[in-house]
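Chain nomenclature is as follows: A, B, C and D, assigned in order of appearance, with residue numbering initiated at 1 for each chain independently.
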Amino acid sequence: MIYNIPYLVVVGLILIGLFAVMFKRNLIKIVIGVTLIESGVNLFLITLGFRKDGVAPIFTGLPEGVNYPADMALPVPQALTLTSIVIGVAVLALMLSMIIHLYRHHNTLDVSKIRRLKE
Amino acid sequence: MSILDTFVAHAPALIVAIPLLGAFLVQLVGRLHEKAKVVFALLTILLTNCFLYLLTYDVFTNGIRTYIFGNADLTLPVVRILFEVDAMSIYMALISTTLILVAFIFSWVYMKDNTGLDKFYTLMLLLTAGMLGMVFTGDIFNFFVFLEITGISSAALVAFWVHKAEAVEAGFKYILISAIGALFVLFAIALLYGQYDALNIAVLAQSIQFTFLDKIALVILLVSLAMKAGLFPMHMWLPDSYSRAPAPVTIGLVAATLASFYGVLRVIFSLYGGIYSGTDLALLSTLTSTKFMGSLLIGLALLAILVGVIMALRQTDLKRLIAFAAVAEIGYMFLGIGTWMAAKTVHVDPDGIATAISILPYGNLALQGGIFHLFNDAFDIGLLFLVAGVIFFVTKERSLDNLSGLARHMKATTIFFIIGLCAVAGLPPLNGFASKLLLYESTFQLNPILGIVAIVGSILLLAVFVKVFYAAFMGPDLIKTNVHKEPRSMIIAMGILAAVIIIIGLFPDLFLTHFVEPATDALLNFSSYTNAVLIGGV
Amino acid sequence: MSDAGMSKIVRTIASVSFPFVLIYGLYIIAHGHLTPGGGFQGGAVVASGCAMILIAYGSSWILTKTKEHHISLLEHAGALGFIGLAFLGLLLGGVFFANFIIGEPILFGSAPALGSTLADINTGGVLPLMNFAVGLKVIAGLFSIILVMAYASGHKEGIQ
Amino acid sequence: MFTFETGSGFWNPLVWIIIFVVAFLIGYILRSFGKRSYKEGTEQTKSFLSGNEEYDKEHMQIKSSNLYWGFTESFSWLYSILKKLHTGNASDYIVWFVVVLGLFLLAGVML
């Protein structure tokens, strides 16, 4: 049961993030929502690589009495998470800089007022 | 091994790497001379095209080609990052590189008064690399990475005219949609990875069991990629961002949208190909859900066609109008896939026991029509967006209400617009008709209503563009100031697209047998895709 | 984030702790092929140190010391280094991204010993070089993002 | 080479082009039957609007928003719905995504 808690947290994070994106009006909060979804997905990936009593997947730093691949945490999900974090930083930076420009043009951060493109 | 063989062997990696290298070199080259950037970007994309043509010849004669990064032999198929290029990838890559080439030619004069042009070309080349990576990769996580590269660079390009409030708004909408879609794609990838410990599409496809989690992953992948491809009712970002981007960027966006559509195809036909294109009796239990999803796709596609054309009919902003027409065109493509998914039948013997599952022949026809239409959509909509770009460049007017009598000044543009109009509305003898004919006839056999809606959509599309033609090109000469001839580079760019449209319109059969059918077969032939990786296809 | 910078205490603390942040980040980059970490993580650490300086001293002060396009030049150098190494792999090793240095009698050339050994930094082939390239790119990229954002948002009246 | 089989039918662009050429020829022949006494710049070229004065060309142009007025007017109920759907609010786009996701989850997973 205790090992399922991360998965519940993952679902919770993604749902909270989606809620923020859908129903919050402040642009910054929407971006926070996107980041929450991203954290949820990253947590999910990391949790998939978990092994009970596993050690860090450093080949040269293996302690005595530990089997080579079997007792290590999976390194692939960590690599995936890292890649996703890097991409997340780029997306976050781009979104925030667009928000700066949006604020300059519209003088508001309310997403429901920034809708010149409609119909 | 001759030098040409070496080139072909490394072509899959080079086709993605050359635009990537060019993207960063443009900044350095741009310091030399004002025009050096665009010349360099053009050279880069031409070199990519050369390698692509070599690879095209090879793939169409010798079959699937794989490329493994870092090491020549495929020792650890699960860990190694690899590219897998089949006829469908080539088909998509040809569309993307041609559109980007045209966009670069078009931008020669169109973008000349802008500052920060080196960043423009960097982003355009990154967009190209991302799209080509998406269509070439054989690894689902890499697909996500390239999807994000495409999304980020195109969002930045949509907001390129940062001093315009609408452009930034469109860019923000695009990056929001793109980020959420890509994150859900990553979530689905994690679901698959957690079950099968693999990221390679071929390995995953071989081992997928269609469990509960697999179904969730399938739905998430399908819906997120369909959103990025602009399926109704998730199409709303599309008119917003298409209409506010600079014209060369819009062409790139058309290609990027189609790359997402390619993702949908890859998910259905390769990743879940064992379930969807399999005719094993063991799949009987999955038949209800697959057929029902097909019907749902058909429903959304029909709504997309109708809503796209009906909304286009009342638009006054020219580029926004064309973007709504693009929504309808995307509906046609999804109609092809949906019909294929729903066109499965179970043969039952007199005792009521199922004996066989088969895909009805019109299903494959509908798929061919959809894939043919992919090409036509890219070129027809691309041509119309270029015409809109020329009109905006010459008159600085967006609204059709303020345009009139342009045919008096811009004869070449008028002719290209008529070609684009006829092609997009599916008027014979241009290419749009050939693909739509395939779709009409095949969907009619599934349900007559589908065919009828498709035809009605085409007729309304014609009405939409006749309105544009009447309003912008005919009538008295209202715009007296500022109207001059269209620059030659723009005529060349439009001419390339128009020439392709006419040639394919005249020889639809040649194109169908030499490009569309191999691409469709590559999608349908699920086992050859997986075997190319699993049984040492190098 | 005001333009003027913060109080003298903050500035002094930032100046004192900056070298440590820098060293730690560079360590993570340099040991990327041996321990968890690498170009991006180390680069992010260094860039956060730079952000600390930026907050303490203000963006205008930073812009008197360096220009944004110099930083972006560094960024492109990093990107070009990475993709250039991949192309060198194609030229020298036969495959894109091939590890052409490993096994050669030059820096980083020796193959790592099997089993649980002490970490030897002189291994890894092109991996450390790629880590350096990525590190350069990330430091320059993140720093220029933060710098531009601070400068842009600092010059709008009425932002609290 | 030109003929294009679609399973239940075929299509040949050459036939269509020949029809175009024939139609053009017929039109040209009909035109050649026209009066030869037509002169430009005389009363003959003026349009006849039941004796009313003709407006300037600039005022005769129908704006594009007024084209298809009958169609848009009779479908105004549909347009009011469609306009309401496309709110332009970025959050609503994500709401649509979640709605479609739920729809497909119902279809694909529950069945």
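The working rule: a contact is a pair of C-beta atoms (placed from the backbone, for glycine too) under 8 Å apart; a residue touches a chain by one contact, two chains touch by 3 or more.
This one's a predicted model, so the numbers in the text were calculated from it and none came from an experiment.
Engineer: Which chain pair is joined by more contacting C-beta pairs, B-D or B-C?
Structural biologist: Pair with the higher count of C-beta contacts: B-D.
Engineer: Which whole number of Å gives the spacing of the CA centres of subunit B and subunit C?
Structural biologist: Going by mean C-alpha positions, subunit B sits 36 Å from subunit C.
Engineer: On a C-alpha centroid basis, what's the spacing between subunit B and subunit D, in Å?
Structural biologist: Taking the average C-alpha coordinate of subunit B and of subunit D, the gap between them is 25 Å.
Engineer: Taking the mean of the C-alpha atoms as each chain's centre, how many Å separate subunit C from subunit D?
Structural biologist: Using C-alpha averages as centres, the distance is 57 Å.
Engineer: Roughly how many whole angstrom separate the Cα centroids of subunit A and subunit D?
Structural biologist: Comparing mean C-alpha positions, subunit D is 47 Å from subunit A.
Engineer: Two or more other chains touching the same residue: where does that happen in subunit C?
Structural biologist: none
Engineer: Enumerate the residues of subunit A that touch no fewer than two other chains.
Structural biologist: 21, 30, 114-117
Engineer: Where does subunit D touch two or more other chains at once, residue-wise?
Structural biologist: 86, 88, 90, 94
Engineer: Judged by the touch rule stated earlier, which pairs of chains are there in contact?
Structural biologist: The complete list of chain pairs in contact reads A-B, A-C, A-D, B-C, B-D.
Engineer: If we count contacts the way the header does, which residues on subunit C are in touch with subunit A in the complex?
Structural biologist: The contact residues of subunit C facing subunit A are 34-36, 40-41, 44, 112-113, 115-120, 142, 145, 148-149, 152-153, 156, 159.
Engineer: Within their complex, state which residues of subunit B touch subunit C.
Structural biologist: Residues 10, 13-14, 17, 20-21, 24-25, 27-28, 67-72.
Engineer: In the complex of these two chains, what residues of subunit B are touching subunit D?
Structural biologist: Residues in contact with subunit D: 172-173, 176-177, 180-181, 184, 212, 215-216, 218-220, 222-224, 226-227, 231, 233-234, 236-237, 240, 288-289, 292-293, 296, 300, 307, 310-311, 313-314, 316, 361-362, 365, 400-401, 403-404, 428-429, 433-434, 437-438, 441-442, 445, 463, 467-468, 470-472, 475-476, 478, 505-510, 512.
Engineer: Taking the touch rule as given, give the residues of subunit A at its contact with subunit D in the complex, in rising order.
Structural biologist: The contact residues of subunit A facing subunit D are 18, 21-25, 30, 111-112, 114-119.
Engineer: Tell me, which parts of subunit C touch subunit B in their complex?
Structural biologist: For this pair, the touching residues of subunit C are 72-73, 76, 79-80, 83-84, 86-87, 89-90, 94-99.
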